[in-house]
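In what follows, chain A forms one complex with chain B and a second complex with chain C.
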Partner chain A sequence: MNRYRKVLAGLLAAAGLSLFVATAKADPPAGAPASLKIAVVAFLSGPASGPFGIPARNAADVWIEKINREGGIGGIKVIPVFTDEAGPADKVVTEFRRLALEEKVAAVVGYISSANCLAVAPVADELKELTVFGDCGTARVFEEGKHAYVFRTNAHTVIDSLGAARYLLAMKPDVKTIAGINQDYAWGRDSWEIFQRSMRQLKPGVQVVDVLWPKIFAGDYSTEISKLLVEKPDVVFTSFWGSDLVTFSRQAKARGLVEQSIVLVNNTGSDIKDIPATVLIGSRGPGPIAPPDVEKDPLHQEFIQLYKAKYGLAPNNYIAHGAYHFTQALQGLKVAYESAIKKAGRWPTTEEVAAALAYSTFDSPAGIIQMAIGNGHQAIEPAPFAVIKQDPAIGAHVFTEIRSFPAACVNPPDGMKSLDWIDRGFPGAKC
Partner chain B sequence: MGGSLRFIPFLLLGLALITAPFVLSGWVLFLLTVAGAKALAVLGVVLLLRAKLLTFGHALYYAAGAYAAGLGVKYLGLHNGFALIGLAFVAGLGVSALLGLLVIRYRGVYFALLNLAFSMVLYGILLKFYSVTGGTDGLAFPAPTFGLIGLSEASLRAQLYELTLFLGSLLFYLTYRFFASPAGYVLFAIRDNEVRVAYMGISVNAAVYLGYIIAGGLAGVAGVLVGLSVGHITPDLAFWSQSGEFVFVAILGGVGSVFAPVVGSILFEFVRNYAFELSPYTWQMTLGAALLLIIFFLPGGVWSLVGLARTRSGP
Partner chain C sequence: MRLLLVVLLDGLAYAAWLFLVSAGLTFTYGVLRVLNLAHGNLYALGAYLGATLLLHYAASGSEVAATLGLLLLAAVIIGILAGPLIERVFLRRVYSRDEEVQLLLTFAISLILEDVTKLIWGVTPVVADMPYTSFGSVRLGGISYPWYPFLLVGVALGLAGFLWFVVTHTRLGKVLAAVIADREVSATLGIHVPRVYTFAFTAGAILAALGGALTAPMFSLVPGIGADVLVISFAVIAIGGLGSIGGAAVGSVVVGLARSAAVYFFPELDLFTIYLIMTLVLLFRPQGLFGEIEIRRI
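Let's look at the complex of A and B:
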C-alpha cells in the first residue's frame, strides 16, 4: 500500500512540476534556435580530474538541469556537450575547433589549466566563439591580450596568494620569517611570486628563509620537510593541490611540521578531510569557504542541495571550488543571454551576448559576481580564508575563523597589471 | 599500368590536396594541417627506424624547432612565417648535429634511452626557465605574416594549410630521394648487418650521423608548423609521451614508404579526435585498442594494405 502511495505522490509531484514549468515557460524570442548547445570542457582524466575536473563537470551537469527545469536560457533548452580537457595544447585547440566548427556549439564553458586558457583564447577570437573560462587562474589571459569573445567569470589567481598574505597577517601580525614550498610549474611559480611580493609590501621586514621547488606530483617531500624543520620558519606557504597536497599534508603532520610552523595553503585543491587541522587555507572566491552573505544566498543553498541529491556529499557540504566556478560561468551566460534578448527584442547575436556579459553583475552559487576588470571580461571576487578544524559533532573537518577580504581589496583595478599593482603598494585597494 | 599514365593518380591527389581549403570544413583543414606537420617528425622517426634505430626522444627536436621560433617571436620580434620556419629548421639541425656526435655511437636500447634522456633534459629546461619560456603555461605564437606572398590575413588557416602542404611535400620528396640514394640504402644495410657495411668501406657513423641530422631538421620544421597552426606552445612538446606518439604513429603507418607517416599521422589525428567525441572518459583506451588491432592484424602498419592491394592486382 505504502508503495502505491509513494508512486501516486511522485506522479502528482511530477504533474505539478510540469505544470509549473509549462506556466513558467514564455514564448521563445524571434529567431531563437530549437536548442542551445553549450560545450563543457573539464579534466575528465589525469591528476587534475579528481580535485577539479569531475566536480566541475558534475556541477555543470546539475546546474544545466536546473536551468532547463526553469525554462532554459531565454526559453530555450540547453544541451550540454561534455569533453575531456586532458592532453597537450595542440589536442586541446583541435578539440576546441571541433566544438566550434563541427558541433557548432553556441558557447564553450570550462578549461581548468592555465596553459589551455592561454592557448584557447586567441582561437576563440579567430572563430568568434563565445567562450567563458571556468576555473583557470593565470592573470596573463587578459593582462597580456584583449579577447573580444573570451570571458572569465571567476577571479584570477592573484586573490589566492594576496588573500593568503592578508589572512596570515590578520591571524598572526607578528610574523617574521616565511618559507615557500611550491610545485615547480607555472601556477606554483605565480603563487609564490604574488605571495612574497605581497608580503614585502604588507610587512616590509619579513624575511624569506627558504624557497623550495619540488617537481609536480613528486609524491615524496621528506627532504624538503627536513629542511623546513631545521630552518623553523614562522610560516610555510604552499600552493600544492591534488595528490601533492594530500601527501605533503600527511608527511608534514607525521613529522610535526604543522605544529612547528603555520602551514598556509592558498587554495583548496583537494578534499579537506585529507588536510590537517590548524592549516590556514583559502578558496579562489567564495564557495567551499562561504562567508555569511554567500551562505545565505538561495542559489548557494540550492546548488548544495542539487549536488548532494545527484552526486552525494561529505557531511560538511564540501564541494571543490572548480564546481562553483563552472556554475558561475553558466549563470553569467544565462544572465547575459537574457539581458541581450531583452535589449534586442529577438534572439541575440554572439556579439550582443558578449556586450551584455562585459561589465555585468550577476548572482551565482558563489554570491554576487562582478565582471569588473580586463575590459569587463574578467570577474573579481572576494577572497575567503579559513582555518581547518575537526568538528566532533559531525566527525569531519570544517572551516572555522572564516574571514573574507572584499573583492576591491584583493583584485587590481581595471587596466592595471597585477604585479605592478602589488609592487606599487595596492593603489585604490578598498579593504 | 602504362608508364606514361602512372603520374595521373598523383596529379589528381595533388589537385585534391591543393583545392582542399575550398571544400573542407575549417576543423578538418586544421586537423590535416597539424597531421601533415607532425608527419614530418614521424618521417624522421621512420628514417631512423630504417637503420633499426628506435628513438624515444625525437620530441626533443620537435620542441627545439617550436621553441626556437617561439623565442624568436618573443625576443627578436620576428613575425614572418618563413623566417620562423628557417629558424626552427636551423635549430633542429643544429641541436641534432651537436647531440648526434654522442648519440650515434650507441645502438638499440641505449640509443632509445639516450635520446629520451636528452629530450627530458630539454623538457626540464623549458620548465625551469620560467621567465624566459613561460614554464608550463607556455609561449604564444601570434598569427604569422607571409610578407613575400602578401595574402590577406582572413585566409590565414588556408595559408598555413597550403604552406604545410607545399613545404611538407618538398621535404617528403627530398627524403624520398634520400631513401632512394646510395646513402639512404646504407641505412637499410646497417639494419641488416652493420659490420658488413663497415667492411665494404663505408663509414657507418657518417651514414647514421647524416640520417640523424636529417631527422632532427625534419622534426624542427614539424615543431614550428604545429606551433604556427595551434598558436601556443608548451613544454609538453618535449615530453616523452610526445616522442612515444611519434613512434606510435610510425608503427601505425608503417615504415615501408615515405607516404606511410602521412597516412599514419592523419589516421591518428582523426582516430584521436573521434575517440574523444565518442567516449570522453575513455578515449585513451580507444586509441590503445586501435594500436593493438594494428599490431595484431597489420604488423607492417596501415601502409602494408597498399602493398597487399598491389600484389593482389598483380603487375
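Let's look at the complex of A and C:
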C-alpha cells in the first residue's frame, strides 16, 4: 500500500510539474505560424560588404539568435533568410520579389544602398510586404512618397552632414574656409549639399574654397590631396567610406593634410583602425560612437558581448554602424509584432504590425529609437561625433571628444522636407 | 608657375601608375590577340600578395630595395602560378574561336579569380602602406610629396626601357615579332608557338601582378579593385593603341596629365576627361595613337 501511495504521489507530482511547464511557456497566439521567416538583405560581396554588409549580416545573426533564445517573436521562432544585396537595383528588386512571393517571408529587413531602398519601397507596397530598411540613408524614401508597408528604423542621412556641421562649429567656432572631397554619386553629392547648406545657415560668411568629385573607388587621391594642400582650407569635409576613406585619410596623413586642415568625415564608413588619429568623424546614430546613456544601455552591452563571442572584436569593441542599424530593425519588428499581438489577442495581420510600428518608441543596442517622422515610418536618432585617437593602453584607436546632438536638433520635424528645413534655418530644432 | 609644377608632378606620378597597371594588358593583347578581362584580377592578386608579404616581412625601416624585392617577388609568384594555368588550361582552347568567346572566357576567369581573392583575403580592407609612409617625403612646389610615387615613376621608366629593349634588341623579341606577324609561318620556321604564347601570357600576368603589387602600399585593398583597374587600363591602351607598349606609355602620360589638369582647373570633369580623350582619339584614329590597322584574315 505504501508503495502504491508513493507511485501515485509521484505520478501526481509529475502531472503537476508538466502542467506547470506547459503553462509557464506561453501558448503562441491564435493563428500563429509555425515559424517566422525574416529575410535579411545586406551586401555579402563587393566593396560595401567589408565595411557595411558583413558586420550587418553578422549582427542580424547574433540578434536573431538572442531573440530565439528568449522565446522568439510572440513565442514564434524566427528563421533568417540571408540574401546578398550586391548587383544593380533591378536585380535587387527581382530578389525582393522572390523573397516575398517564393520564400514567403513575413518581413524583409535590410538594404544598405540608398538606390536599392528607393527601388524596393514601391514594390514592397505593391506586394504588401512588411519591409524595414536597415541602413540606407537617403531622405527621399519618405520625403518624396508615402509607403504603407515600409519603415526605416535608423535616422536618414541628414544627421550625418548636419551633425558634422554642428560638431565642426563646436570644435572650431572660428572656421572661415571649407573644402569638400566626395565621391561623384548620389551619396557624395547629397552629403556635400546638406553640409554646405547647413554651414551657410550656421556660420554665414564661411567660404567654400574647393569642391572635388573623384569617382567612387578611384583608388588614388594624390592629385586631389595636392590641390587641397595648395588651397589650405581650414576644413576638408568628406563623405568617403570603405576603402576610399581608408586610402584618402592615410594618404592625407602621409602628406600632412591632416595636420594642415581639419579632416571631417560625416560617417564612420570604415573600420576606425585604418583611419589616422585626429580625424573628426560621425556615425549615423549612436552605436559605434556611444554617448554615456547609450554606453550604459544593457542592450548595447549585450550586443557587443554577443558579437564579440561569435565573430570577435578588436580591443576597442568597434562595430560598424550598419550592424547596429540591423539590430534596430529587428528590435522594431519584435516590439511591433508583440504590441500588435497584445492588441489583437491573436497573431496579427501585416497591416496591424505596420500600425504598431508607426510612431512607436523602442529600446535597441543604439539606445532609444523613435519612429517620429515620415508619418511614423522614419526613425530619428541623435548624431554623435568624435575625434579618433590612439589609446596606447589597449593598442587601438578609440573615440574621444564625443559630443552627441539630440535627435530633435539634427532631424527635421514630421512633415517637413530636410533641405527646406535647413534653408529655413532649422525651425523647431531643439539643441 | 608653381601650380603648373604641381599639376605636372601629380600628372606624371599618376601616369607612372597608369603605365604600370596597363603594360601587362597591352603586352598580352599584342602577342596573343586576346583582350584579357581577368587582367584586373591578376592585378588584385599581385596587390594582395604584395601587401601580405609587406605585412609579414617588411618592418617600417626596411630599405627600398628590400621592399621592392618583396613586391617583385609577389608579382612573380602570382604570374608563374596563374599565367601558365590560365593559358594552358583555358585560353589555348579558344585562340581560333570568335573574339566574343575569348572575352566570355576571360570574363569567367575574372569572376573565379575574384572569388578566389575573397576566399583567401576576405572582404575587410587590407592596408600595408609602410613604404608609402616610411620612405620619407620631399617638398616640391611648396607642398609635401612622399617619395614612393616618384619611385614608381622610376620603376615605370625602367620597365618601359626594359620592354623596349627586349622587343627590339633580343632574339626573344624577334621571336615575339614573328609570332605576332604570322603564327602559322612562325610555326613552319621552327618556332614553338604554343610555348611562346604561354611565355607571353605569363609575362603579361607578371606585369599585371607587378602593377598591383607596386600599388599595394598606396591604396587600401578591397574586393573589386581589379574591375576598376581593368576599365582605366583599357582606356589607356585604347588611346595608345591595342598591343603597343609605346602606345601604353604615351596613353598613360596623356591621361595622367589631362586628369591632373582637370582636378585643378575643372574638378567636375575629373572622370569625364579620360573618356573624352579616348573618344576623340578613337574618332580620328580608331586604331589608337600607336596602333596599326590590322588586315582581317579570313
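The working rule: the second predicted complex is superposed on the first by the 406 of 431 C-alpha atoms of A that agree within 3 Å, B and C clash if a C-alpha of one lies under 4 Å from a C-alpha of the other, contacts with A are read in each partner's own complex, and residues count from 1 in each chain.
Just so we're on the same page, a contact is a pair of C-beta atoms (placed from the backbone, for glycine too) under 8 Å apart; a residue touches a chain by one contact, two chains touch by 3 or more.
Bear in mind the structure is a predicted one, so any value in this text is a computation, not a measurement.
Asks: Report for A:Ala89: first if it touches chain B alone, second if chain C alone, otherwise both or neither.
Replies: Only chain B; A:Ala89 stays clear of chain C.
Asks: Of the two partner chains, chain B (first) and chain C (second), which one does A:Glu224 touch, if any: first, second, both, or neither?
Replies: The answer is second: A:Glu224 touches chain C but not chain B.
Asks: Between chain B (first) and chain C (second), which, if any, makes contact with A:Arg140: first, second, both or neither?
Replies: In the superposed model, A:Arg140 contacts chain B only, not chain C.
Asks: Thinking of the overlay built on chain A, is A:Gln328 touched by chain B (first), by chain C (second), by both, or by neither?
Replies: Neither partner.
Asks: Based on the superposed arrangement, let me know which partner A:Asn266 touches: chain B (first), chain C (second), both, or neither?
Replies: A:Asn266 contacts neither chain B nor chain C.
Asks: Touch check for A:Ser243: first (chain B), second (chain C), both, or neither?
Replies: Touch partner of A:Ser243: chain C, not chain B.
Asks: Thinking of the overlay built on chain A, is A:Gln251 touched by chain B (first), by chain C (second), by both, or by neither?
Replies: In the superposition, A:Gln251 contacts chain C only.
Asks: Using the touch definition from the top, say if A:Gly50 reaches chain B (first), chain C (second), both or neither.
Replies: The answer is second: A:Gly50 touches chain C but not chain B.
Asks: On the A-aligned overlay, A:Ala115 touches which partner chain: chain B = first, chain C = second, or both, or neither?
Replies: Once the two structures are laid over each other on A, A:Ala115 reaches chain B alone.
Asks: Considering only the contact definition stated at the top, list the common interface residues of chain A for chain B and chain C.
Replies: Shared contact residues on chain A: 45, 184.
Asks: Please name which positions on chain C make contact with chain A in the complex.
Replies: 3, 6, 9-11, 13-14, 17, 118, 122-125, 127, 129, 132-133, 137, 141-146, 149, 215, 218-225, 228-229, 259-260, 263-264, 267-268, 270-271
Asks: With touch defined as at the start, can you tell me which chain A residues reach chain B in the complex?
Replies: 44-45, 82-84, 88-91, 93-95, 97-98, 100-102, 114-115, 118-119, 122-123, 126-127, 138, 140, 144-145, 184-187, 189
Asks: Of all residues in chain B, which touch chain A in the complex?
Replies: Against chain A, the touching part of chain B is residues 25-27, 30-31, 34, 127-128, 130, 134-138, 140, 142-143, 156, 226, 229-234, 236-237, 239, 242, 269, 272-273, 276-277, 280-281, 283-284.
Asks: Across the complex, what residues on chain A touch chain C?
Replies: Contacts found on chain A: 45-47, 49-51, 53-54, 184, 210-215, 217-220, 222-224, 226-227, 229-230, 242-243, 246-247, 250-251, 253-256, 270-271, 274.
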